[in-house]
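Take a look at the structures below.
The same subunit A turns up in both complexes below, where it pairs with subunit B and then with subunit C.
Then we have the complex of A and B:
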């Protein structure tokens, strides 16, 4: 039980660090002076002190929505696969639950964008709806396929099963699911081929457009939600698609897990520096590839059992 | 491990189907051949078959490095148009490709009863044959069609390697020399294409 609580606190607290790490790797690759990897924490502390300004046109949704954006994501963190072997974990979340909870969070983010009544908010919300509609089928197929391979519909149990005996005979469907999930990771966390988290360019912004009007504590909540979303996806990728190190002693298991998270962060940073952002109407092509791979993983598993 | 390389083979082929740039297509073809070469080397080492190891090495040198490099040089020399938008739009391809895969997987079901092992590899190589045909079909210009032709050869090699444990090396080498001849002829084809365009 103590490991369970520790791992939740650990995941929530390492979340901003990962984003800071990605940022500083990017700065290094651009030959710029590196930002400290603790910069997101400083931003959060700064936002906490700032005053909250709410637009006159906005309704009570603006006051409620930031909490409802963050809370489904925090809920997911409780049901993630365990970091330590033999640790307590909650068997609750299957492919549909996780997709639904992420969709709930996205729904309130879209409401928040629409609520302030400025044109950017509506634009950002419509783009987000467009992308999340394409993400969901791939996500469900993907999670379903990996849990079939692990032999249990529950995701936390699937992580444990994969680590205890890796399905070598299902290697090819495992690869397809992994490729598809990595595309989903980039898409859902708003990284570069789909969305650029650093700019406020009106032609391309998606996530930033929805939160233009938010300030102070509410902005802090939204930013925290973005970082928690990244850590959820990174930790799912680490537990389900790199299933090693769970059987080690707790300290080593934790170290291996942190190493896996940082490897994912480095991969994301490398992709961000080496790729151009896709045009909005090219994004369905990328997600189409994700859907094809997810579906392929499922049919390879069922028909060929490979 | 064989499953891993076969998975990579199919994954790179599907990525090649969605590309719209010639050099990216060459890169995916090279990755496809690389997966195939490692597969041949791995199986060759596994069943201790020297000819298969030699074919794997030849695949690695010629198909993964030589042919993409040579085609890139050729397309630079003849200034081939590098933008190759596929004829079949991506939205249809998303439905078409899984459809083909399901179809070929079920097509190969009777085969799997005949063979005791490696039945699903046969299914995957037949489906990659079909996907390579799609690659040839969906482009109008000559360069991607050539890549499609080369990919068909790759999937035939995969079929031969996995279904029979390697064909005789003399056949394999014959096919390699055929391919090299084809590349020389393709040079002429590019030249012709340039004259008519």
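Then we have the complex of A and C:
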């Protein structure tokens, strides 16, 4: 139980660090002066001190939506696969529940974008609705496939099963699912090539467009939600597709897990620096690849049993 | 004549749960209706006829109430017909479609009752089992009931009929009447046509998957809020049919627990769809009542003036989008688990096909979220888009009471899911299926388990509690920090935010419409007032778009056009070229005689060839002539 609580606190607190790490790696690759990896924490502290300006056009949705954007994502953290071997975990979450909870958070984010009557907000919501509708089937099929390889539909239990006896005979479908999931990781967390978290350019904004009107504590909540979403996907990828290190002693298991998270962050940073952002109407092609890989993974699992 | 078995009682409960909130809403809505006694008579007859259908036990009574339900609902659509052409044509279309289904039901009963319409359903099953072509009977049922339920391709009347009816009637029709058709499927497939073939279940699964996708895709392209909701009914009927089809597949393959689990998912979704769709139609009705328009582009900012309508509409939107921990989520989760139970099936082609149903269910729920962000966001958020929306007030107390009552039904379906599932399980048990209640709630009523091996687990109550807990913790932190809050203008690209700077509903679904352009094929028109002949500079611009559903185009309008052309040709022939017309009749007669001789009486190749030559010569000389 103590490990369970520790891992939740650990994941929630490391979340901003990962985004800061990605940012500083990018700066390094651009030959710029690196920002501190603790910059996101400083931003949060700054936002905490600022006053909240609420748009005069907005309604009561703006007053509750930021909280409801963050809380489903925090809830997911409680149900993630364990970091430590033999630790307590809650097995309440399968593919449909996790996509549902993420969609609940996105639902309120999109309403937030539409609430103030700003044209940017509507634009962001519209684009987000488009992309998240196409993400859903890929995510569900993918989770379905990986949990079948693990022999349990529950994600936390699947993570434990995969690490206790890795299905070497299903390697090919495992790799297909992994590729598909990595695309989803980039899409859902809003990184290049789908969305650029740094930009405030009208043509390319998705996530940032929805939250242009938000400030102060509300913005802090939404920024935190973005970082928690990244840590959720990174830790799912780490537990499901790099299932090693769970059987080590707690300290080493934690170190291995942190190393896995940072490897994912480096991979994301490398992709961000080396790729251009896709046009909005090319994004479905990328998601189509994710869906096809998820299907391929299922079909190879069923037909070839490989 | 009548029976009150468990299945009937379940559906009576459905009707009562849907009717009571609707009744209060109707009382509040009544001042809006001009022909009050006309409306009330048909309204009550409609509800009674639905109860009559679910308790009837022979063909005569069933068909009587079925026809009564069709006719009263048809008359109810015509309530607000102030000589509006759209209402009249929608009602005519509905009348035609419902009788199209009725013909097939009549055929079904004529065959299985052997002409004796007073046989009970249990006695009919003997005739049915001795009938040589059970698949024919199955198809009669499919046409008869699914044309009422609104499954693809017999769904085209829904987006026309529902918007034209008064809102409480739309709520009843969409919430309950469509489910009565599903009741028919339950009743006659279980009681009469019992040993099912595998293909039947597959067919229903395919219809369900296609319906769910088609419904949500056309809902996205709608501007009429009630037509949008009607399209969502098609989607939800699809989801119900996915559960139903999986149940039939599992049953014919011998997976008895999974079969019951799937049927429970379907029954639960029937209840859930009744609750949230009624609530949505009531909300749409209230908005319509206040703003006098159905066009979603004319709404906006109604949450400020109509808070109760807005919040209940939000609850229903969350539920219909299958977002956890709502009741819509629970039943879609169960449907999804039923689909995932397919991993145990041995038949490889079936096993590979079912992930496509998973795909369509997942894409449907993704698109439904987009659609309800649009429906809620454009209607209730932002700024007023028209004068009508500006003067909207909260509706009267009775209507609000009806909506709140229905919201309570939605919440109760979420909170007391185990209670409802227990009765669904009992109903299926009485129909000869295995009980799975013990398997679903293995450790207490707080967690739902899938009935499949290594199935998933979900705990809606725990999710709800945790969500409320975390959210109130965050709000508590916010309150504790005592942060200064100011309401002020925010940056809007240098302009003042005004109603025309917001995104419109058409704009909101723009990316999706563009991606599915091959399906929608919209009729677009852009009107611009260019300045000084510059292409890119204009003072005002107007973009209009209309989508004609593909099925309507190909299955209804195209055949109608073809029939028109043929009848015009025959008309020309009969009136202006009488000799050729007579010659054609003569040739037709000849062909009937020859084919009778050949195919029924006695077959020989020699006469066939000889007679074909005679036919060809006769057609050449008499009909075609010397061209």
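Following the convention adopted for this analysis, the second predicted complex is superposed on the first by the 306 of 306 C-alpha atoms of A that agree within 3 Å, B and C clash if a C-alpha of one lies under 4 Å from a C-alpha of the other, contacts with A are read in each partner's own complex, and residues count from 1 in each chain.
Keep this in mind: a residue touches a chain if its C-beta (ideal position, glycine included) is under 8 Å from a C-beta of that chain, and two chains touch if they have at least 3 such contacts.
Keep in mind that this is a model prediction, so the values were computed, not measured.
Chemist: Which partner does A:67 reach: the first (subunit B), the second (subunit C), both, or neither?
Modeler: second
Chemist: May I ask you to decide whether A:284 touches subunit B, subunit C, both, or neither, giving the answer as first, second, both or neither?
Modeler: Both partners, subunit B and subunit C.
Chemist: Report for A:44: first if it touches subunit B alone, second if subunit C alone, otherwise both or neither.
Modeler: neither
Chemist: Considering only the touch criterion stated at the top, classify A:299 as touching first (subunit B), second (subunit C), both, or neither.
Modeler: Both: A:299 reaches subunit B and subunit C.
Chemist: Could you figure out whether subunit B or subunit C reaches more residues of subunit A?
Modeler: C
Chemist: Scan A:53 for contacts with subunit B and subunit C and give back first, second, both or neither.
Modeler: second
Chemist: Quick check on the superposed pair: does A:170 touch subunit B, subunit C, both, or neither? Answer first, second, both or neither.
Modeler: A:170 contacts subunit B only, not subunit C.
Chemist: Report for A:179: first if it touches subunit B alone, second if subunit C alone, otherwise both or neither.
Modeler: Only subunit B; A:179 stays clear of subunit C.
Chemist: Is A:4 touching anything from subunit B or subunit C once the two structures are fitted on A? First, second, both or neither.
Modeler: neither
Chemist: Please report the subunit A residues shared by its interface with subunit B and its interface with subunit C.
Modeler: 284, 291, 295, 299, 303
Chemist: Which positions of subunit C touch subunit A when the two form their complex?
Modeler: 300-301, 303-304, 307, 318, 321-324, 329, 332-333, 336-337, 340, 343, 348, 351-352, 355, 358-359, 362-363, 365-367, 369-370, 372-374, 376-378, 380-383, 447, 450, 454-459, 462-463, 466-467, 470-471, 474-475, 478, 481, 483-493, 497-499, 501-503, 507-512, 514-515
Chemist: Using the touch rule from the top, collect the residues of subunit A that touch subunit B in their complex.
Modeler: 168-176, 179, 284-285, 288-289, 291-293, 295-296, 299-300, 303-306
Chemist: Spell out the residues on subunit A that touch subunit C in their complex, using ranges where they run on.
Modeler: 48, 51-57, 59-61, 64, 67-68, 70-72, 74-75, 78, 91-97, 99-101, 103-104, 106-107, 110-111, 114-123, 125-127, 129-130, 132-137, 139-141, 144, 148, 151-154, 212-213, 215-217, 221, 280-281, 284, 291, 295, 298-299, 302-303
Chemist: Taking the complex as given, what residues does subunit B use to touch subunit A?
Modeler: Within the complex, subunit B contacts subunit A at residues 1, 3-4, 6-8, 10-11, 14-15, 18, 90-91, 93-94, 97-98, 101-102, 105-106, 109, 119-121, 123-124.
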